[in-house]
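Each structure below appears as structure tokens.
Next come two complexes, and both contain chain A; in the first it sits with chain B, in the second with chain C.
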Partner chain A sequence: MDTIQLAATDRAPLVDFDFASGRLQLRGESYPEDAAAFFGPLLQALRGYLAEGGVDPIVCEVGLVYFNSSSAKALMNLFMLLEDAAAEGRPVTIRWHFAEGDETIEEAGEDFAADFAHGRFEMVREQPA
Partner chain B sequence: MLAQDFMNFFDVSRRRGVILSFGGDISENVLFSLGEVLKLRMSQGETDASVAKRVFAIFVEQAQNVIRYSADKVPRSTAKPGGLISAGVIVVGSQAERFFVVCGNELPSAEVPTLRARLDHLAGLTSEELKAFYREKLRQPPDEGSLGGSIGLIEIARRSSAPVEYDFQDLGQERSFFCLKAYI
Partner chain C sequence: MTADSTPSGAAPRRGGSLRGAGPRRSSDFQDAAGFGDAPRGDGGAATMRPGALRGAARGRDRDSLAHTLFLRIYPVIAVVVLVTQLGIAWINHGERIRLYGERADLMAALTAKAIARPDWSADPAIYRQPVEALTLDPAFRAASLRDATGAVVMSLGDMPRGRAFDLITSQADLIAAPGAAPLGRLTLTISAGDLRGNAETQALLALATSLILMLAFVVTLHANVRRHVLAPLKRLLAAMRAVERKDWVPVDLEGEFRASNEIDVISQAFNRMVEGLRTGDEAKQLLLQLEQAHARLEAANRLVLESIGYARRIQSSVLPERTALAGTGLEIAVLWEPLHQVGGDYFWLEDLDGLGLVLVADCTGHGVPGAFLTLIVATALDRILHERRLRDPAAILEALDTMVRSQLRQDGRGAESDDGLDCGLCIWDPARREIRFAGAGLALTAVTDGVATRIRGAKRGLGYPQRPGTRFAVEDVTLPVAPGSTFYLMTDGISDQMGAPGDGGPMRRLLGHRGVAAILEAHRDRPLAEQVAALEAALVAYRGGEARRDDMTLVAFRPRPEAPGRVV
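== the complex of A and B ==
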């Protein structure tokens, strides 16, 4: 499975899906012109990777400072794939990064966390730079 | 006359607290550029960072609604959201110590009852109910005809500090003008 690396743009996050090591990363702002077109290939690649049925742990680091509602939908789909894999026994950890004091992002993380029964969802508080 | 006309126009806007206004064809690139100057303007003022983020978030959802759902679109070969160009109006301003974001666009009159019902429903929800509804919709496939997540309006209502105002004006020819105003 290939690695997917996309540099952050003004409105789309950095993507680093290193399937070989099980480390997935999204960082930055997310309100792409077309969220379905942006996230579609990422979801498809993840689905393919999970279908291979490995047992290695997956760690997904998400550090978004802003995301629009279309991106929220895509994130939900991403997390559901990971939770499904966790339900089948794959060790999955989501690490949700948020800046100290950013209640919007903190609350969004807590909302997503509520859907994980098998995967671990860690809230990672960061001090503002 | 020329300077006076447009100075008057500009003055009236400023007296009404308008920070930026755009009327005409809106694309994703226009949204991005307006958003950039809006962020800059708010970061240079004394706007609280969390308020600035909410204004920006509501601005993005409103502008994307115009781009996606305006009935007055520039015909293009692609129907993808990223390539759409749609006519509408977007105004961001501040009045009485709070911000507002207004958007307006034409839509087919046939869509008015459904949209009105959705907005009436959202208007009747408490903030906790809005949050629960948002979470519920996030888990469902998008509504038919939706190009996003069908959750933009809920997001706008959630991020607003007062009930969202909305109105429809019949334009004849089976078209109506839809207007939405959110306060932050």
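== the complex of A and C ==
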């Protein structure tokens, strides 16, 4: 499975899906004009990776400072794939990064966390540098 | 090599001597080298434009290179050759004169020797024959023989009077024995007239030689100038004309004849210049293309903007009058600001038989796609309120969910649309002085006594493909209205303002609903229209240089304190 690496743009986040090591990363802002077109290939790749049925742990780091509702929907789909894998016994950890004081992102993380029963969903509070 | 190509009507010539085999006029060379075929330009313009080079080349009556070289070099060479030749002739002539003198001396001495004996003058047989023999010399002119007393014994020929340049006179004493006294004297005069003719011939030869030299010089000079200067210059000029026409050809350095070093250097410099110009011209062309592309883009953009402007008028006309709830005793202020003229934010205000309905919806997407969804919502809402006559907030949302999914065909498998909306809905009942709220992903903010509270409702939005049979369910929240309470329904575009928080922290983050609530609390006692204006200004300040991320809609409403009375 190939690594997917996309540089951040002003409307799309940095993407670093290193399937070999089980580390997935999203950082930046996400409000692409067509979120389905942006996230579609990522979901497809993740689906293919999970279908291989490995047992290596997966860690997904998400550090978004803004995402629009279409991106939220796409994130939900992504997390559902991971939760399904966790339900089948795969160790899955989501690390949700948010800035101290950013209740919007913090609440969004809490909303996502509520849907996880098998995977770990960690809230990572980042202090200003 | 003639001057027959002199242009007609030419101005008075400069250096017009030596015409026969002389140098050509500058225009002759220009014609010969192909410099003169261009149409006459005024040659005065300083800017580079087609024809400028040619104009400059012929604007002034400047002598050609060969002409100048000829005039400068030829007189020197001609004078030197002539002087040299004349000098040689002069030396030659002197030498001959000297030889003639020696000859005369010899002849006189020999004759005197033959005659010299005692009493020679007494016997003519002794002296007559030797003296007469002297006349055999074709140069002989006169001879006289005198005895010891000086009396003339014999004289032959005519003794010319005065001095003559071409006569040589020699004298010899008649001496019988060494040391003896002279017995007489022989005077011999011969003519050097032959030599004069000889000298004239020499002078003519010298002149002829200079003329031939001149001819050879002119021919050689011209041929060489043509080959090594004019031909390369012609190539250079041709290349310059091509460059004037923006045809970026370098000059051919390896022509039929190798150019002189100087012209070679100039040609190379020219080629480098052409390369530079070509590059610059290409850049200019690219810039031009870019400008054209930009103009086309601008036109296309204008078209799109005009079209969207039109769409905005349509979408605005779907939105309700801001005064629709005046009869229900609500003070209302609205902020509706799509990100791109039109958008996915929608609000509705309606007086439903005395009940005030306030609805705010945030459909997925913004711009035109978002606007499409708002029209679906508007249509569905109209049917829900006026055909099905639902008045219960939760029931209205549930019905809206069903209808939107039905409209977007999201219930079946493989639905194409993954769209939906967040929606918040309040029903104000003036008789009971209470507000019933139901939300789907869109919260109600209430500010009472300067404290903001947030009622979230259901997390899920309306619409979106669901597994068949899944129904949206939410419960009404009923809020008694305290005097001065203000309520706000807003889309997340209001709180999702990216910027730097005022606490000096370096991290960019969203303003968030607490940030919005803080702004609203700060302005809680002002009329709602002013509150909304202050909020908008505060949002601009928070964003700083950041762009807005989303459509923004906020509806603020506040029940008026006086007892509600229906105004019909």
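Some points to look at:
By definition in this document, the second predicted complex is superposed on the first by the 128 of 129 C-alpha atoms of A that agree within 3 Å, B and C clash if a C-alpha of one lies under 4 Å from a C-alpha of the other, contacts with A are read in each partner's own complex, and residues count from 1 in each chain.
To be clear about the criterion, a residue touches a chain if its C-beta (ideal position, glycine included) is under 8 Å from a C-beta of that chain, and two chains touch if they have at least 3 such contacts.
Please read all numbers here as calculations on a predicted model, not as lab measurements.
Look at A:R47: by the touch rule set out above, it reaches neither chain B nor chain C. Of the two partner chains placed around the shared chain by superposition, chain B and chain C are both touched by A:N68. Of the two partner chains placed by the overlay, neither chain B nor chain C lies in contact with A:R95. Contacts of A:H118 after superposition on the shared chain: neither chain B nor chain C is touched. Applying the stated contact rule after C-alpha superposition, one finds that A:E103 touches each of chain B and chain C. When both complexes are overlaid on chain A, the residue A:E29 reaches chain C alone and has no touch with chain B. In the three-chain superposition model, chain A touches both chain B and chain C at residues 31, 36, 66, 68-70, 73, 101-104, 111.
By the touch rule above, chain A contacts chain B in their complex via residues 10-11, 31-37, 66, 68-70, 72-73, 76, 101-104, 111, 114-115. Only residues 28, 32, 36, 49-50, 53-54, 56-57, 60-61, 64, 80-82, 131, 135, 138-139, 142, 147-149, 151-152, 154-155 of chain B touch chain A when the two sit together in their complex.
For chain C in complex with chain A, the residues that touch the partner chain are 362, 364-365, 418, 422, 459, 461, 464, 492, 495-496, 498, 501, 503, 505-514, 549-550. Within the complex formed with chain C, the chain A residues making contact are 29, 31, 36, 65-66, 68-70, 73, 99-105, 111, 126, 128-129.
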